[in-house]
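A quick write-up on the structure given underneath.
Labels run A, B and C following the written order; every chain starts at residue 1.
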Amino acid sequence: MKKTFPLAAVLIALFAASFFIVPLVATFYFSLKMTRGELGFAAYASVFNSADFLTTISYSTVASLIAIAVGAVIIVPTAYWVRLKVPHLRPVVEFISLLPLIVPPVVLVFGYIRLFGSNSYLPLTTTTAGTDVLLVLGYVVLSMPYMFRAVDNGMAAIDIATLTEAAESLGASRLRTIAFVIFPNVRAAIIAGAFLTFSISLGEFVLASLLNRPAFGPYLVQLGQDRAYEPAALAIMSFAFTWGCMALMQLFATRKPGQRWLPRLMTPAKRTTP
Amino acid sequence: MTLDAAASRTEMRAPRPKAMQRPALDWNWLGVAPFFLFAFLFLIGPVLYLVAGAFQNADGDFTFANILELGSPNIVASFSLTIRLSVLSALMGAVAGLLLGQAVILGGLPGWVRNAFTTFSGVASNFAGVPLAFAFIATLGRLGLVTVLLRDLFGINIYGMGFNLFSFFGVSVVYLYFQLPLMFLIIAPALDGLKTEWREAAEILGASRRQYWQMIGLPVLFPTILGCFLLLFANAFGTLATVYALMGSGFDVVPIVLFQQIRGNVLYNPNLGYALALGMVVIMGVSNTLYLILRNRAERWQK
Amino acid sequence: MSFLSISNAVKTFGANTVVKGFDLSVEKGEFVSFLGPSGCGKTTVLRMIAGFERPTSGRITIDGRDVTDAAPNKRRIGMVFQAYALFPNMNVAGNIAFGLKIAGLSKAETDARVQEMLALIGLSHLAERFPYEMSGGQQQRVALARALAPKPQVLLLDEPLSALDAKIRVSLREEIRAIQRQLGITTVFVTHDQEEAMSISDRIVVMNGGRADQIGTPSEIYNRPKTRFVAGFVGTLNVLRAQVDSHAPHTVTVGGKTVHLPRPVETADASGTLSLALRPEALSLTPSAARDVTFEGQVQGVNFMGSVIRIRMHVGDEAISFDMFNSPDLVPPKIGQQAAAHFSSRDIFELSA
């Protein structure tokens, strides 16, 4: 069989690659054009100097981190329990964990506003703190599919049943086992899920906008309406951030428990027997 | 701690007082209770509340009025627009993703090309929302780089020719940026599953490349392709941030209409909002369920 | 005039030469097996015949026509794969009809032929089944029918039985051979199982390291192996070191005994050492007139294998093993016992290479 040059395949690949790369290049170039007549990072400087940028991004960062923590605390024990004690509930738990993919954020937040509004049993939306709580919990819900999948995969990779038995035969209570044996071993999986959650929550728009919180997403939209060059700069930074999160997520998803986090700087001196 | 000490510790714990013993099931339910509680309060509950509200009027009585109001011209137009946009976006994504997948995985290109596209797709499928809209404005907007380049270097004025980023078609081009990678990532395992022996067996029986794809390749892939199409459809249907950042509040896709309802920017009729929400959930639920069914069916053939 | 001929085929992948000059002439209607261990190049040669690999050099001719540059779908060859490769979206009838559809046969002709093939493999009742609903043996028979339906010139089988259970393997190989005889189709069969190759082939090509070590009938390969590799790969073999008498090239000393060989020694090295081979069935505990040589030694192992008892003995510093048929009155020797094994000097042969 003659090996012909795969012309069609090469053309398709090139076309797809340019479709992906050209917008990034164009955006980057655009973001450099703020100072008339020259290319510079004025747009980026403007962004970093803006007070709104700093407040909204700190707000969103804190909210995302809390969401990650809450998510981990709810999901890790659940995944553990389902694996170990109630495997017959797995289909139900999995189904629920995937529900957020079917429920659009706009519907979810609408439900929150009506259910936790001023005339409900749990009037969260009437106070700022309550609304903040709602926002964070909303992020937990949105990230649930990814968090659950990441943690579940991590647990599948280590044999929890045996670990649990070992821990209990050594006298640990169930709580201790989860805290000191299970958690550390799925730490990498949790962190992988965390990065995914972080990248979803940081620039999230719908929940933050409808709950009227000073988050990064609404700030971006406002900026898009007011300014020209700064949005491009932010788009580039956002892409770089997403890329970083994905890369770190991959790194942690494939890490085995106990593996070193950083490479050894020096090899330990070999012991010599006297 | 010596082994003896550990063993004796276990022995000491072993005989549990009768009062503390409970049937295993009780404790086990407790373990997943927080999850169920959370899910019910903050996921299922709100959605059910909306669904119930869709069938109620302002006084709380049961009514179909809201559902019927979904039939009003504005709402119908909105659903029609969204469905058409989602179908177009899903079609574009499915065809493009399939072509790319076929080229990169089966086309005889070096292995690093596939890895590069897979990695990039993982990032690009998450790069949606406001920044994506910004990126495309900087690329294909009236003063976007590509627009200007085409005009100055090649004399092609795309806006003069009728193209507009801020249009139905423009939005679907923007959507393609995250739809294509999603399709690529999902179709890749299915393409891997196309055994080379099938291709060789078809070839030795006299089939040309086209006949192989027509009679074996595409039919085997069809459930997966259809499933992906539905997934892309649901994905496009539920998108809000991207299209909002691109088109503002005037582009009447269903998510934006609902958004405006919640914001109170239009005549505030919460029960209509419920009906809209119900409509969205039904459409997305149906397409995702069909996707899952098709995926299971496809897996059966991969044995 | 050979029907299928391969002349000096060479195949190189990058720096790796997998097939190092392969020649073969197959007669019409002949059943030839390629036998060898993994990596010996047998599948590569088969794929070159099929057209999935292009020879780096060399020619392939079928029925007088040079097909070396022809595409696989133009060679009129049928092929059966190790992994069955049935099309999952078609039922049995659809699979078998595939080649006929491509060839443009009418529906009536196609249906008739499909029924014919189903009867041939004995699966007429499974015409509507889909591949995932059938066992491995059934799938492979359908694959065979599919390959034969378009009446190809040559049938190629690439380790078709390796994925199946032992019992099915035996019955299916008989079936394949019976069908092949009935249709008179020239066939090449690749396998690593020497019992399989020997039981159904007209000729065997034993391959090693990209070359054909020996081409011959099963009897020739087994009884007169040309190389140590062939002798060792096909059947079990006792290999014994021997010393030739420098003055008498017919006479060797092996296992402490002097043996007169029917032919002069040819493969001794400078110091007069050579390797002799002896098949286990040539040895017996029972003396006879034909068995003119006797090895005496100590029994090291006795394995009861059902119809056969395998005895291991130490003769001098050599170990030999041989089989004896089981019989209810027979008392096998005990371990540690001294025993005498007899064989004919005509059955011991030299090993070259």
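Keep in mind that, in the parts below, a contact is a pair of C-beta atoms (placed from the backbone, for glycine too) under 8 Å apart; a residue touches a chain by one contact, two chains touch by 3 or more.
In this text the structure is predicted, and so the values were computed from the model without any measurement.
By number of C-beta pairs in contact, A-B leads when A-B and B-C are compared.
Chain centroids computed from C-alpha atoms place B closest to the centre of all protein C-alpha atoms shown. As a whole-number value, the distance joining the C-alpha centres of chain A and chain C reads 59 Å. For the pair chain A and chain B, the distance between C-alpha centroids works out to 17 Å.
Chain centres here are Cα averages; for chain B and chain C they lie 55 Å apart. Counting only residues that touch two or more partner chains, chain C has 51-52, 71-72. Residues of chain A found to touch two or more other chains are 3.
In chain B, no position touches at least two other chains.
Listed in rising order, the residues of chain A touching chain B in the complex are 3, 6, 8-10, 12-13, 16-17, 19-20, 22-27, 29-31, 74-75, 77-78, 80-82, 85-86, 89, 93, 96, 99-115, 137-138, 140-141, 144, 169-171, 196, 199-200, 203-206, 209-210, 217, 220-221, 224-225, 231-232, 234-235, 238-239, 242-243, 246, 250.
Within the complex, the chain B residues that touch chain A are 6, 9-10, 13, 24, 27-29, 31-32, 34-36, 38-39, 42-47, 49-50, 53, 96, 99-100, 102-104, 107-109, 113, 117, 120, 122-124, 126-127, 129-140, 144-146, 176-177, 180, 234, 237-238, 240-241, 244-245, 248, 255, 258-259, 262-263, 270, 273, 277, 280-281, 284-285, 288. Here chain C touches chain B in the complex through residues 50-52, 71-75, 77-79, 81, 83, 85-90, 98-99, 101-103, 132, 143, 146-147, 150, going by the rule given at the top. Across the interface of their complex, chain C is touched by residues 195, 197-198, 200-208, 211, 215-216, 219-220, 300-301, 303 of chain B.
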